[in-house]
Amino acid sequence: MNETVISVKELTKRFGAFTAVDSISFEVGRGEIFGFLGANGAGKTTAMRMLCGLSYPTSGSGTVAGFDIMREGEQIKRHIGYMSQRFSLYNDLTVWENICLFAGIYRLTKRETQERATELLKTLDFASERDTLVGALPLGWKQKLSFAIATIHHPEVVFLDEPTGGVDPITRRQFWELIYKTAESGTTIFVTTHYMDEAEYCSRVSIMVDGKVCALDTPARLKQQFSADSMDEVFRTLARGAKRGE
Amino acid sequence: MNAIEIHNLSKSYGKVHALKDVSFEVKQGELFGLIGPDGAGKSTLFRLLTTLIAPDSGSASLNGLDIVKDYRSIRSCVGYMPGRFSLYPDLTVEENLQFFAALFGVTVEESYELVAPIYRQIEPFRKRRAGKLSGGMKQKLALSCALIHRPKVLLLDEPTTGVDAVSRSEFWEMLAGLKKHGITILVSTPYMDEASRCDRIALCNEGQILGIDTPNGIVQGFDSPLYGIKARNMFALLETARNADGVTDCYPFGEWHHIVTDGSFNPDMFIREFERIDGLEITPVEPTIEDMFIKLMKR
Amino acid sequence: MKGNFGSFVKKESLHILRDRRTMLVVMLIPVMLMSLFGFAISTEVNDINVAVVAPQRTDGIKDAVKRLSQNSYFTFRGYINADDIDKELRSGNVNAVIVFASDYDRRVAQASQGVPVAPIIQLIVDASNVNTAGAATAYMQNMLSGAESRQAMFETRMLFNPQMKSAYNFVPGIMGLIFILVCAMMTSVSIVREKESGTMEVLLVSPVRPIKIIFAKMIPYFIISCIVLATILLLARYLLGVPMSGGVAGIFSLSLLYLMLSLSLGLLVSTITDTQMAALLISAMVMMMPILMLSGMLFPIENLPVFFQALSNIVPARWYIDAVRKMMIQGEPITVVWQNCVILLVMTITILCISLKKFNDKLE
């Protein structure tokens, strides 16, 4: 691994007596596609929130894009991209207006905005949809667009929270090709998914059970370690051992 | 008699054709899957069958009851679980179940035997508010509620969406258990890997049905030789393989990329041609439902 | 199926009881509004500073001023020069100035002999607070007229509410408002919430007629409203001292009719909206605004432009507030306001019929 972009040590988050995230430690390098898996309620969302500077850890430390998650939450937000299945884009704005809006949020200059927006439409093959209302796009297209917008400011890391839920198999693959392309250009990808075949596309995968990271390696080595044929099997072996329901 | 019969059903919302001339039937006691992504028209079909909306054209019947004429009688013989788990988050597990029992004029005790295998898993949490349950537990409660009046036909709209892989596979085991009671189940899902759990499936996309058969029948319809390839740099391999001779399609598929080929393709030639690629491997693979879906979508 | 009904009511009551914050707000709002309107926002004549301009301080004038200063509602701030009237009013030192004619005594004497005379007292009032000014003027006229002979030039008598206590007028208005809030707004929001959360789909697909569930939904809100009604009546009687001479039973029965009407309105709103936000907005804009503006709660209906006067006829709260006012303050029995009752009854039936017709057991 060359340069470390995300590094957390013994990161813990407690809500009262409940330990949502229990002393997790890992590092993610530049350009890696890091799969962050776990059953519902394993603590994925809580961990991801801490990494995005949206909530403070109870204990432990970490840096994202070189900034401390305890002290420099605002800096982190400026250097990461975030995309979730729920909040994607404004349905009542056009494709172009959405791009410009987020360019503005990330303080791109007028010229940068023009350049990036045009480039983005070209990569997505969206030029003809420039003035279409986002609400009128099919789900898969929306997801591709919101991924592109999440990377509009060339962030160090992009966090993707179940980006492909409900998307058709072809668009889902096109989405992953976009992820590959972005990762090749040096952006680190941090992604959660319920599709186990997508876990195979990741450079490394971590699996959370009951607030702890209980497996972390490349998909190939994980399969070897658990003598499983697929990531699905690995995941089930680990998640079956979960004690808590949430 | 078929449990569900659908003839040339169409439904539009304004300019959007949600369902285009769909026909199929589901046999008594069958576990039938509607497989397709968002926007395939699955929810529209469910709403038509549950008589919540009326079709533009075509007809359908459940247990011989017409969805337009006999809609009142249909409502007492179907169990329905809409896309979002429609539970009351501020009521406890127990209160939710009791309410839905009352809704159908039954008591929890009368139907306990049928829902027990499912409900027992969440019973330890019966005093917990439904809003505080995990996705998998909500799903079990919603299924218990849909079953409480011992319906003849169970309609489940995307019951496994947003639920983790373990809960999903438990859910399918529960459905298999219900089959023993002779309940006809129509279930929709965007997850292709769940298709094999059904007796028969319909692949649907953009309001149309791409194919109907048993899961095996569907994959047997895949008539082109299919190979899996992998290499150290998977992303670069994708581009390379797409331009190779005899390759009609190439897409990522888990650990491997799948390449769909025509008769002229020779795997040995492929290896020789690209031997400079680090770690290149090729192996024939069995097509899956997802391969077939991609093929049908591109047709 | 009859046993079901109870369990639906129970479920709805649980929703309400679990939402403690909303519950608290609903229970506290009437108390708050009553205290607010009753004490703070008062149009009562209270502590009016009055200065007097009198060229000669004759016995007649002294007598009038003495009565003024003895009155607890006015504070006599002394005699001033005619030139200073404007200055004193502007500075806010005084709220009103009484200017006596220079030959006040002579003219009063003439008037008492039946000779028609020109106005002998001029009232100059700071009207920046219209309500207070109006009330003060009326009251001063009333009081000063006693200074003159029996053949005074004006005669104004304050009936029923001689001190013009504003709370009297506001209580019916608050009642008109609060029941719309509790019944119409809360029921419509709770029905629409089921549409939003998707539970409505399951309810519709069940063999129970959805309308039965809707009625079960209304019962807890009806009970809450009754509690609120009782609270308001108790507060009005014992905190604000409203006489309610028309009989509490009459006021209560009329209010029950109005509650039904509000519930039907809530149902109507829920049939035409799909989101809680829309239901809230419609309740607020389409129902609250007319009540505030057109029901006679804030502005007398006679003072409205003709168009709005006509429009006010279709605002149910207008008829309710008018009737409650008559019964509460003027002490009329319910038989006197039978027209209002009939109008409200017809409105209730109409709204209920429309909403039942509109209520669809399908999704579109």
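As written, the chains take the letters A, B and C, and residue 1 is the first residue of each chain.
Heads up, the rule we're going with is that a contact is a pair of C-beta atoms (placed from the backbone, for glycine too) under 8 Å apart; a residue touches a chain by one contact, two chains touch by 3 or more.
Since the structure is predicted, the reported quantities are computational estimates derived from the model, not experimental observations.
Trainee: Indicate the lowest number of steps between subunit A and subunit C, counting one step per move to a touching chain.
Mentor: 2
Trainee: Looking only at C-beta pairs that count as contacts, which pair of chains has more of them, A-B or B-C?
Mentor: A-B
Trainee: On a C-alpha centroid basis, what's the spacing between subunit A and subunit C, in Å?
Mentor: Those two chain centres are 57 Å apart.
Trainee: If you average the Cα atoms of subunit A and of subunit B to get two centres, how far apart are those centres in Å?
Mentor: 26
Trainee: What's the distance between the Cα centroids of subunit B and subunit C, rounded to whole Å?
Mentor: Each chain's C-alpha centroid was found; their separation is 59 Å.
Trainee: Would you please write down the residue numbers of subunit C that are in contact with two or more other chains?
Mentor: As it turns out, subunit C has no residue touching two or more other chains.
Trainee: If you look only at subunit C, which of its residues touch subunit B in the complex?
Mentor: Residues of subunit C touching subunit B: 1, 3-4, 7-8, 11, 14-15, 18-19, 197-208, 213, 362-364.
Trainee: What residues on subunit B touch subunit A, complex-wise?
Mentor: Its residues touching subunit A are 36-40, 125, 133-137, 158, 161-169, 190-193, 205, 234-235, 238, 251-255, 290, 293-294, 297-298.
Trainee: Could you pull out which subunit B residues touch subunit C in their complex?
Mentor: Subunit B reaches subunit C through residues 47, 50-54, 72, 75-76, 78, 80-91, 95, 98-100, 102-105, 145-146.
Trainee: Considering the complex alone, what residue numbers of subunit A touch subunit B?
Mentor: 38-41, 138-140, 162, 165-171, 173, 176-177, 180-181, 184, 194-197, 200-201, 219-220, 230-232, 235-236, 239-240, 242, 245-246
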